[in-house]
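I've put the structures underneath this note.
Next come two complexes, and both contain subunit A; in the first it sits with subunit B, in the second with subunit C.
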Partner chain A sequence: MSARAGTASRPVIGLDLRLRATAGSEWIKFRSVRSGPFALSATALTVVVGAWLLGDANRGSYLAASPVGRAAFDPVFTVFQGIELAQLFVGALGVITVTGEYASGLIRGTFVATPQRAQVLAMKALVFAVVVWACCTAMSFAAFFLGQSALSPAKHAGIGDPGVLAAVFGAGLYLTLVGLLGLFIGVLVRRTPAALAVLFGLLAVLPIVFAQIPGTITKNLGEYTPDAGEQAYHLLPDGAYTLGPWAGLGVEAAYVVVAALVAFALILRRDA
Partner chain B sequence: MIEALSLTKVYGGKAAVDGIDFQVKPGLVTGFLGPNGAGKSTTMRMILGLDRPTSGTVTIGGRGYQGKVWPLHEVGALLDARAVHPGRSAYDHLHSLAAANGIARARVGEVLEQVGLTSVAHKRAGGFSLGMFQRLGIAGALLGDPGTLMFDEPVNGLDPEGIIWIRTFIRSLAAEGRTVLVSSHLMSEMALTADHLLVIGRGRIIADMPMSELMARHSGDRVEVRSADPERMAADLRAAGAQVTLEPGGMLGVIGLGSRPIGELAAERGHVLYQLRDVTASLEEAYFRLTGESVEYRAAAAVTSGAVS
Partner chain C sequence: MCPTIAAPNAGSAVPAPPAAYRRAGAALGAEWIKLRSLRSMLLTPLLGAVASIGLTAAAVKNNAAQWAHLDAVQRARFDPLALNFNFEVIGVLLFGVLGALVATNEYRSGLIRMTLAATPQRGLVLAAKAVLVGLVSFALAAVIVFTAFFTGQGILSGHHAPHVSLGDHNMLAHLMGTVCYLTAAGLIGLFTGVLVRGAAAAVTCVFGFLLVLPLLADDITPDAVTRHTVPYLPANLGVRMLQPYQGLRPGAAVAGLAAWVLVLAAAAAFSLRGRDA
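Moving on to the complex of A and B:
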């Protein structure tokens, strides 16, 4: 303990090692609190059990429907409608992953350990995205198979049918992007209730507002709300949206990118 | 070594830290003393790169904190002990910090042992007492076996046993040759812990000197005198070169003349004395004299040294 006070020189630490250390730390933080498992279980319950209930409920109505109604029936979207509720759980998880750290003051400890704040935020977002994507994609596969078996013998889809695999992956991607949007909004707002209000406003209120106001302007704007990404898990085009699955996900991703850019700028500039 | 040069932080047009210069040297406990709101925490946050200085610089080991990679090997800090996720265990909390700086997992168990938290390592931190939080915070500061340690108000809210533990621990860290900066708003605490004092008030350094020097310089002796005719007594004492204050009940507070010459003077001038008493000013009084000008928020009514805390 004699050569002290920062005189000891340590070997230079490579960027890959630093990024791995930050990601490792973020993963430990993610898995060591209950909010992650809780929110993801609620999501799984809503998406998977929802798919079975929706499949079961729509089987009879499909068989009783007219030929026109049958042609418009989208067996994939029908069983994935639980995502509209589940997205709030995933989005809330993204929010509290960040705001929980601000609320407890832990964010200062995090930045004392890693003064490279952009690196912290990037690894936090990466760990979150990987975990949420893996869970939500697994859920959407489970939901698809359970939902389709419940729909049978009414019109149902096989995983090999055209567009189906993309739709199932699209559902997982949609939820992951919602979670990331929540995470970056959490950085911008820093307080849990306000961040949740902003996120739910964007996801649930804004589309309804545009849908309720008549006119072509609101209809066109309505195409560009964050939930445009929902088209990713439609097999047939949805009446309200015309962009299509990939452009729809692109609109949603654009919201995430803008929120991320502002979040990175603010986290670097603000006092912690 | 921690070094600040013209360090300034302005919030909303008001300087919380106003161009301060100081050095914190290794092998000593440096006490960072000042009333609440004097700028101690702001300064510590700037040292750790959490708040950006409005102007000036502060470095640890010659480099600014923002540029450090895996700084826990060099600097350990306890800012707010309660800054722990209430749902996370002490072990996981420390493990996440260790992982962020490439510190071996085995070290987590070691520091938990060192602060005496091994038995509650896997309990959720939300149920911890303030003393346990302080121990956990200190464990976090020790993870990387750093040469520089900073503690912000480490004894606040602790029971006597905890206070003695932290005091002894901090002293032992400096004895090992580390640089230790400890903030407090209590002079009595600093008197027992610090070798060197930095006194801050209204964002400026008021005193930067060894503890022993501060005690010698600022605790001038005082004599209390009661006599039959305080007015005339005061005039005679002033004529002899003493500083005299007339206090309630006819008491005279005398500085600059010892009790012996005062007694002789009283006999010479024919004063009747009821009381002649030496009063040694406490460190709290010395501190109050230093910061009296700079207390940020004080009650409008009579201020005593006790009100500074």
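Moving on to the complex of A and C:
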């Protein structure tokens, strides 16, 4: 009898319970690292206060602009330009969510506790995406209302105007995708500075490179950088991109998907 | 028996502190070993050279080939020198990251505690780092800038497009100013790294400060405040080395960059002396 007790298999834990436990531990790691609140505060400061400053600075210039300039004035994108800076903070947060764990060696403990590595990565990405999406969407709503009130009486947009609600949600989605891209690049590269250089290179430097080389090839390639997702928070078409808001976000999402596929393949194969 | 050991007062004698120049020499030697054994020391300048020389050559070639098909307005806007340094920003970012890593890698590995125990004069440690990062950046930047210049202008002249040469008026000033800009980027990175200590924060600061902030600030229509601040952002001073604007010539821009570097150096020295490592 005792011999049979020794070989008795442990109770099978349901998949939902395991996923919940992994998500729980990923949430503890996410919220207890100092860089999380710090990066999100920096993002909030840049997006929300930036929207107010940009609205205020552009009110006068709109009133002084020519009719052509007024027609091309995009009140939504104008107040959301701070996202260009804020994406660095969100992207860096995505990177250190992974590379910080490799740097401290905690990743080995994580994989001992949960040998299902794909599950660890999936829950890490899910927890990150949910938190960052909620925060960034709240920020983009705050930035929108603050920025539009600073813009008036110049041309400004109401939340019910056509396309505006989608643009405000688009801003939060853009930032979330940037963060996820950083997270998966972190899995691929594992070292903080190198991962940041790759991410920032893709986001900020690659569009400049394509813009500087004249020709139709580079112009077409330039449409398909991750930065194309910024069209999501444009109300009027931007000069540099012509794909449109959802296609632009789709291009950005495609980068995230490719990075995710490679990250899942590598995390299963590599030693931690 | 050695008389110096037998001397009765030898045990209580305090050894004379080494001369200041020997301490400085030892600090420089120690920092040099750490700098040259940094792994990024090879990769980062190499990437910078590839971007500055390779990408520039491709872009210049592309532009030069189109010269014959340009109309009068486009020809008037054709600036052979600016064209040559379109990708300068990549070099600037890489130098900034390299400078930041010199500081953050030492904090990351914990080596900084050993360094400060060996040389308790923390100002001296920072000065030695700054001297070496400055000299190495200057040398690397000079090689990259002049190679890019001769490559780019050679391609332009090969296509019979307008080009400039080193002997032209102020040309050497433009190029040396650009070398100074890259050097300043390395030092700004180093001092930022000493201030924030973490690689992630330092690299994000370098990209934000040297790349994105000027892009955003340039978009704002100039008003009373921005007209007198935006041109003095380091990246905008760096561009002035090649394209003089509103009376800001390379000399004034170098002075402005030096002021940024000195202010950051003072902040880094204050932070290094006042904080626990």
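As a convention for this text, the second predicted complex is superposed on the first by the 262 of 272 C-alpha atoms of A that agree within 3 Å, B and C clash if a C-alpha of one lies under 4 Å from a C-alpha of the other, contacts with A are read in each partner's own complex, and residues count from 1 in each chain.
The working rule: a residue touches a chain if its C-beta (ideal position, glycine included) is under 8 Å from a C-beta of that chain, and two chains touch if they have at least 3 such contacts.
A quick note: this is a predicted structure, and the numbers were derived from the prediction, not measured.
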Worksheet item: Touching A:115, do we find subunit B (first), subunit C (second), both, or neither?
Response: first
Discussion item. Which partner chains sit in contact with A:13 here, subunit B, subunit C, both or neither? Use first/second/both/neither.
Written reply: first
Discussion item. With both complexes overlaid on chain A, does A:66 touch subunit B (first), subunit C (second), both or neither?
Written reply: neither
Discussion item. Which partner chains sit in contact with A:215 here, subunit B, subunit C, both or neither? Use first/second/both/neither.
Written reply: second
Discussion item. Going by the contact rule set out at the top, does A:35 touch subunit B (first), subunit C (second), both, or neither?
Written reply: both
Worksheet item: So, A:58: does it touch subunit B (first), subunit C (second), both, or neither?
Response: second
Discussion item. By the touch definition at the top of the document, which applies to A:89: first (subunit B), second (subunit C), both, or neither?
Written reply: second
Worksheet item: Between subunit B (first) and subunit C (second), which does A:197 come into contact with in this model arrangement: first, second, both, or neither?
Response: second
Practice prompt. Report for A:105: first if it touches subunit B alone, second if subunit C alone, otherwise both or neither.
Written response: first
Worksheet entry | Contact residues common to both interfaces of subunit A (with subunit B and with subunit C) | 35, 100
Worksheet item: Residues of subunit C touching subunit A in their complex?
Response: 40, 55, 58-59, 62-63, 66, 86-87, 89-90, 93, 97, 100-101, 104, 108, 198-201, 203-204, 207-208, 211-213, 215-216, 219-221, 223, 226
Worksheet entry | Complex contact set, residues of subunit A against subunit C | 35, 54, 57-58, 60-61, 81-82, 84-85, 88-89, 92, 95-96, 99-100, 103, 192-193, 196-197, 200, 204-205, 208-209, 212-215
Item to complete: Would you tell me which residues of subunit A are touching subunit B in their complex?
Response: 1-2, 4-8, 10, 13, 17-18, 21-22, 24-26, 28-29, 32-35, 100-101, 104-106, 108-116, 271-272
Worksheet item: Touching subunit A in the complex: which residues of subunit B?
Response: 1, 26, 45, 48-52, 60-63, 65-75, 77, 79-80, 82-89, 92-93, 95-97, 99-102, 140, 147-148, 176-179
